[in-house]
Amino acid sequence: MTKTVLCYGDSLTWGYDADTIGRHAYKDRWPSALQAALGNEVRIIAEGLNGRTTAFDDHLADCDRNGARILPTILQSHAPIDLVILLLGTNDMKPVVAGSAFAACQGIARLVRLIRNHAWPFEFDGPDILIVAPPKVRETANVPFAASFVGAIEESAKLPTLYRDLADELGCGFFDGNSVAKTTPLDGIHLDAENTRALGRGMESTVRMMLGL
Amino acid sequence: MTKTVLCYGDSLTWGYDADTIGRHAYKDRWPSALQAALGNEVRIIAEGLNGRTTAFDDHLADCDRNGARILPTILQSHAPIDLVILLLGTNDMKPVVAGSAFAACQGIARLVRLIRNHAWPFEFDGPDILIVAPPKVRETANVPFAASFVGAIEESAKLPTLYRDLADELGCGFFDGNSVAKTTPLDGIHLDAENTRALGRGMESTVRMMLGL
Amino acid sequence: MTKTVLCYGDSLTWGYDADTIGRHAYKDRWPSALQAALGNEVRIIAEGLNGRTTAFDDHLADCDRNGARILPTILQSHAPIDLVILLLGTNDMKPVVAGSAFAACQGIARLVRLIRNHAWPFEFDGPDILIVAPPKVRETANVPFAASFVGAIEESAKLPTLYRDLADELGCGFFDGNSVAKTTPLDGIHLDAENTRALGRGMESTVRMMLGL
Amino acid sequence: MTKTVLCYGDSLTWGYDADTIGRHAYKDRWPSALQAALGNEVRIIAEGLNGRTTAFDDHLADCDRNGARILPTILQSHAPIDLVILLLGTNDMKPVVAGSAFAACQGIARLVRLIRNHAWPFEFDGPDILIVAPPKVRETANVPFAASFVGAIEESAKLPTLYRDLADELGCGFFDGNSVAKTTPLDGIHLDAENTRALGRGMESTVRMMLGL
Amino acid sequence: MTKTVLCYGDSLTWGYDADTIGRHAYKDRWPSALQAALGNEVRIIAEGLNGRTTAFDDHLADCDRNGARILPTILQSHAPIDLVILLLGTNDMKPVVAGSAFAACQGIARLVRLIRNHAWPFEFDGPDILIVAPPKVRETANVPFAASFVGAIEESAKLPTLYRDLADELGCGFFDGNSVAKTTPLDGIHLDAENTRALGRGMESTVRMMLGL
Amino acid sequence: MTKTVLCYGDSLTWGYDADTIGRHAYKDRWPSALQAALGNEVRIIAEGLNGRTTAFDDHLADCDRNGARILPTILQSHAPIDLVILLLGTNDMKPVVAGSAFAACQGIARLVRLIRNHAWPFEFDGPDILIVAPPKVRETANVPFAASFVGAIEESAKLPTLYRDLADELGCGFFDGNSVAKTTPLDGIHLDAENTRALGRGMESTVRMMLGL
């Protein structure tokens, strides 16, 4: 039977293109690449919001960016779900949001608890959870991005270890985005089309295993 | 170029099946039927939440059901969008929510203003809007549903006229769900698989026209 | 020394003109008429918001219409204040808001307690409070207004007695808008320019007495 | 080992005394009577808030009266808990809150789901739940109370059956307050000291059974 | 025709007097000085709240200090508006709020987008926007203020350049408060009466130009 | 007549046991020790929530941890109250919450104002307030706690002086937890059973004096 996978993320999931300052083509976004890799046995739902945090408020946008406040509605809209992929944390490292990898990791833990304790309708089973560490922030000549993400280069480098340990502790899957993708120097944060596709393809085997395919 | 259509709705869009008390199969939900009818030129995004209201709070659920509070985030996640289809209003007629067709109509007007005034990123154009009147509530022997929707039979019958006039006033498209689908007597509210598919197919020509296909 | 009077109200205070579907000229709004009547010994601050309720949510607008949620900020912005005039309650009688004069009266009581318990900065004294009953809603051929205000004709007729008793109980001043002004049949709710000016002039002696002028 | 019982309620639990317009003496509140009846094997925590609703907003007070918004914090503060007694619903029947027994029953269901899905710390077990129907509202010459509770006499009479059925459906205990206590004609809502004590004593055997004492 | 100017600000606009620990006389507040300079062709509305931030929460006060949450209501209350003057950012530099000039600048950008995307009633045109940089924070022997504003001396010095660039990017006017006023050493933040008046007079020509007077 | 004392605190009041990673036995929690010391003339109400802050949001938990948002409800539930003991501030020193002793002190000031300005029902008198400085954070080998509380060792050492000065300024009582108790090196934050009991016993004479016993 067809499996449902929810990709809950930020601009990396939405497909922010630092080159055109727009959105990557559909086929270049990582949820699409993962869909292509997995084929019809799986239905991928892409829920990427520019600026989404794990569980922190950011009132600088015209919509709610706190991942923990929106997630219950999204879970309910797409239930039943077999797997939730959480690719978040980069925005948490903005000093104005939380400013540390440790905080991002606590935010991911909060989202995992939200999913585990969600009141699923119709006695649906809850999903498995895959935690993905975003590729490391790197240096950039882009002044506004560098200013928004002061300190994030060091902090983002800690995410893979923190997320891996958290995943082990909470019984979630883990995938390190750094193993297959690198951020662009254009803004130090985002992925070009090639790296975005690589991220989706790179998750394939982990996702197959978690879905029992 | 591929067009994007956001279907923003409630349990009729989620695909609540009053027979199995579960979710219609993917192919039987109306956004899927519309997708099948329109083919690859269009990408349909289904955002149906059981119990979603237009713009009223309902604290009886484990997630935010107020359509106006969540919509800005959803718009941002799926931008750029060519067309938003609003199929809402049934839940507004619960006495505990708002209890009248007139209130539902005001809620739809609020959502239209939200879309029109949304701060779209990257100077994306805003979408066209299609307002759909849900099929009329009918009598049912289902006690909890009858109790939840006291008065809704009369009120829901007013929706097509109210929504049509609003659509004219605000420059939106209009489609009357009653022209192609009937609610099931099992709970008086929902659509069986056949009627749900009919709803999606029925919108095809209106959607094609609005998208210029 | 100059006295400060805050006029906290709804569209009657903003100056909604049912004839032009716009805003009354500055000189025709009742706070301006009151200012003219009182002269330079008093500074009038007009804070009228279309659709403002006493203490109920109304998510149909693009801003917060709940008078109780916004009042503390307004009090702080204009402190020190000698007198607050509360002219609210009409919107509470919409069925979608609260639908009864009794509820409006409870909302006014809530606002009085908010003012009395406000944490005034710099040990400023709190203001006196004048409760004003809005002129009675009347019949209208205006369909949307009639639909928004179903039942309000009967309910609004109860406001003067309820507000007068409340004012007595809480030690506030009271003024009955019906003694000097009548709503327009154009929408059944609002005041034309002449009646709006009359409302401001009509309050003069009560305000003078309360301010000790 | 000592058992912990949380009494989550409204003014009936707080101990509102319609005679003195104050609070019943400690020994006369029902949680105290229950504590006295059960002895030292059980620790009773009284959490009664005047005006508390099950899951509806009431902005007429200087604090949050929505039972569903506050409950998670209270659960966390008093964990681990063996039994939660829910005695709520009377305030839901105010027209300005929800106005029907059916709504109150849905609110109780929401609280049960909140408790069942709460993220208990330290892997504490969740508590059993006892749903108590409040004694029926009766006629009163008290004008403000009669006005606040229009329609509540008929509605409150439906609560026992609705709550009993809900308790059966959700696997909760049930106790009908009407079996041991009657509301006072002084305001039609509250219990005098004798009836309040009777309520606490009346629950003893049900509570003992649920706690396995 | 008379033009309307909304002055949306913090304690500098309210008129906090660090000498008397109270409020500057009406004539000494900068909106009053600007009003005097511009004469009757213009109506100035002063909306200054002690502690107001651009777009960040500050729960330390008895009212909502987040400028972005309150602004839509204020815009609606005073519409139609020809010009909004934003004089904010000082409070953003408190470490407990946001702690950086960059964050303040992002907050101003958020307010500009809110104004540009506001759902103006009656098809009123939206206003022009003038961004004003507050005078630089300076050293003070006032211990609580120094503690509240750790780091603000350096950060506030960056505001003029950041705000000027933002104004250029977004098509807003810009005025540097430092060009005409200096903060008092009494608390390092506020302006004495002379400097406050100078601020209002200093803006005159810019405001005239923007209003086409 | 029996006096009522509300203990409003965080995990130190809840009784977090760093040894068993659970909750201290009832008799070992400081409110219980204080109850035992004071005897039947006083009724102690324990309201300790793990992670509670003074007045800052922390969205990492499944319930509201902002002490200022919940306090009004708690005050209302337990009124009339003779004394409120505030033992908070440790969690404010987490960088993700506020990160400084000064912020914690401002948060305590906010809570004092909330209590002083609370709309007490039935004209109850407001309570006296005792501010307690939590024992100093110390070094620990516990990695997650050390990471959560970066910088707190230095900051927490400032609390006694800041709180004492605040108490003097606002007319509150003060007690320094460091005078009788030390945090455990197991996590650097919490108190073992002996130190927790010592804290309750240590407050006895101050509480007696404030209650006039």
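Here the chain labels run A, B, C, D, E and F in written order, and each chain numbers its own residues starting at 1.
Heads up, the rule we're going with is that contacts are C-beta pairs under 8 Å (C-beta built on N, C-alpha and C of every residue); 3 or more make two chains touch, one makes a residue touch a chain.
This one's a predicted model, so the numbers in the text were calculated from it and none came from an experiment.
Between subunit D and subunit E, the least number of touch steps comes to 2. Among the remaining chains, those touching subunit B as well as subunit C are D, E.
The most distant chain from subunit A, with centres taken as the mean of CA atoms, is C. By residue number, over half of the touching pairs seen at B-C are also found at A-E, the match among D-F, A-B or A-E. More inter-chain C-beta contacts link the pair A-E than the other of C-F and A-E. Each chain gets a centre from the mean of its Cα atoms; for subunit C and subunit E, those two points are 29 Å apart.
Centre-to-centre, using mean CA coordinates, subunit B is 43 Å away from subunit E. Computed from the mean C-alpha positions, the centre of subunit A lies at a distance of 38 Å from the centre of subunit F.
A separation of 49 Å divides the Cα centre of subunit A from that of subunit C. Multi-chain contact residues of subunit A (touching two or more other chains): 57, 61-62, 69, 113, 117-119. In terms of inter-chain touching, the protein chains here follow a pattern that is not a line, ring, star or complete graph. Pairwise, the chains that make contact are A-B, A-D, A-E, A-F, B-C, B-D, B-E, C-D, C-E, C-F, D-F, E-F.
Taken in their complex, subunit E has these residues touching subunit B: 113, 116-119. Considering their complex, residues 55-57, 66, 68-69, 98-100, 102-103, 106-107, 109-110, 113-114, 117 of subunit F touch subunit E.
Interface residues of subunit E, counted against subunit F in their complex, comprise 57, 59-62, 95-96, 147-148.
For subunit E in complex with subunit C, the residues that touch the partner chain are 2, 14, 21-23, 26, 43, 47-50, 61-65, 69-70, 72-73, 75-77, 79-80, 118-119, 121-122.
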